[in-house]
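Below you'll find the structure, written out as structure tokens, and then a few comments.
Order as written gives the chain letters A, B, C and D; numbering starts at 1 within each chain.
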Amino acid sequence: MTLRIIATGGTFDKRYDPITGQLVFINSVLPEALERARITEPTTFEPLMAIDSLDMNDTHRAQILSACERSPEQKIVIIHGTDTMRETARLLGEAGLQKTIVLTGAMVPYRVASSDALFNLGFAVAVAQLNAPGVLVAMNGRVFSWDKVRKNTTDGIFENTD
Amino acid sequence: MTLRIIATGGTFDKRYDPITGQLVFINSVLPEALERARITEPTTFEPLMAIDSLDMNDTHRAQILSACERSPEQKIVIIHGTDTMRETARLLGEAGLQKTIVLTGAMVPYRVASSDALFNLGFAVAVAQLNAPGVLVAMNGRVFSWDKVRKNTTDGIFENTD
Amino acid sequence: MTLRIIATGGTFDKRYDPITGQLVFINSVLPEALERARITEPTTFEPLMAIDSLDMNDTHRAQILSACERSPEQKIVIIHGTDTMRETARLLGEAGLQKTIVLTGAMVPYRVASSDALFNLGFAVAVAQLNAPGVLVAMNGRVFSWDKVRKNTTDGIFENTD
Amino acid sequence: MTLRIIATGGTFDKRYDPITGQLVFINSVLPEALERARITEPTTFEPLMAIDSLDMNDTHRAQILSACERSPEQKIVIIHGTDTMRETARLLGEAGLQKTIVLTGAMVPYRVASSDALFNLGFAVAVAQLNAPGVLVAMNGRVFSWDKVRKNTTDGIFENTD
């Protein structure tokens, strides 16, 4: 298995800016997170964009699709904001690529205490390895099909729409 | 899916004792780790024992097998020391239970900076969910069959014995 | 020496709210921070308020002054937002209490990676112990008199106004 | 004020070695800790040695004394193991240098969860700034004179010998 990790931003990758007091994107935390993970198989990291998923538009999503299309790796994990993860998953799902594409993210930034980010990364890497081609969302320790998932923004959890 | 997490100790769960300066077992970190993970499906945590896997003998392994046998959940993740993870996996594998049993652990304790523990937990939870009954080792972002795995103690990584 | 720690909120004490994605005040981190500090002398913690210092008005500052006045301890450390730390220091300084009052805070929240909060707490506790009655600001590893300090918001550091 | 920080090893600076499972010295954590501290005054870091203070002999202590003697800075913080901090403090105290020398350390390594290291560093930096020439031990949020301090190894705290 060779794996590609594509970072697009989202809560997972936010950092605290001491000057403005805001959560912002500076350098991706993924290289550090992947080093911690001690993965022995070849893994390619692609920092594609660094935005809040509420700021994603069709152009951004087209870029993500394009990155998946040109990926030489058949197994792809996309780090994505949770708010519009479903929309990106839908675009990728409808494209029907012959690759296993798993979207994950975090409810608490990697660099904040008690973050779920590293758990989700581990979970998503396994989901990518173990599934046939298709597009999946991996959050809250669950796997969702791209066309049957929504974020429950009241409780901050992902749910099946069935 | 309902999941059981069985803690047996190992590096994953070691804490620093400020009085002796040693790494010891006090309370398991698993409840805290599972809360971080934000898993929404029912998950049962069973703190079975808390020992270094180098100190495990046949009696300990029989206890682990027994815990797996009586588990009402079909999906089991065992947190285990890495040094004899292979031996426990073998005992469980030869028992041939109709459950999916995944052994994982950590090379760096959960409570030490840059630990792989939370990544491994997420990875193992997905491996348990997505595999048919059998016994697997999940380390270094890879899945190993119980009868084809060894720890390379020089490099600190798990390898396939094929 | 007996010491009182008064929490008023500020960046030091902010936590990430996974539902809203905002930094908010829930429970103070001070009890946890003080336990880490392993202080052996009696220390009283008073969670007085939990607000951003930009939201502080005269009523809030009067409450802080009142808390200092009624403190049975002669040594007081106030955890405060950095943006209006100077204003509160001025009010306390002009009141001329016969107590050593040290204001500190953080540029990065305690619960965010690479936070200065715990360093500042240690620094401020020593400053309180070692100074005669008066009002001081302790930030950036420096001690400032209440009437000669400003926050340089461009660089995110405290400076002497002399 | 200009400050020198001299690292000698000790619990403060220990890291976990994933291969051996032991706490060892690799690179000092002090540069990272000092960056977090956001100190604005010039600070010089000198990694003098990296050993457990139980392994310190007269030669090591002579090196520490020599480093203090040649320090151009008048304010010195020494990061030291706790077990023989008292012995080094005594040697330095009897030398009677005209510098303010503060020894500190940690009961829990900097890189382990809930470490007191960063608090102690902040505390010691203030103690160095605010005291006249002499040799002091700064631990547990207290300042001790070099000739009136001992470590209570049962409770893991420093005490006054008076």
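Keep in mind that, in the parts below, a residue touches a chain if its C-beta (ideal position, glycine included) is under 8 Å from a C-beta of that chain, and two chains touch if they have at least 3 such contacts.
Being a predicted model, the structure only gives us computed values, none of them experimental.
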### Summary
Per mean C-alpha coordinates, the chain lying farthest from chain C is B
### Task
Using mean C-alpha positions as chain centres, tell me how far chain A is from chain C in Å, no decimals.
38
### Query
Where the CA atoms of chain A average out and where those of chain B average out, how many Å apart are those spots?
26
### Query
Taking each chain's centre as its mean C-alpha position, how far apart are chain A and chain D in Å?
43
### Per-residue overlap in chain C, given as positions that touch at least 2 other chains
18, 107-108, 114, 156
### Summary
Among line, ring, star, complete and other, the chain contact graph is ring
### Query
Within the complex, which stretch of chain C touches chain D?
3, 33, 35-41, 43, 107-108, 114-116, 118-127, 129-131, 138, 140-143, 156-158
### Task
Write out the stretch or stretches of chain B touching chain D in their complex.
11, 16, 18-19, 21, 23, 107-109, 111-114, 153-156
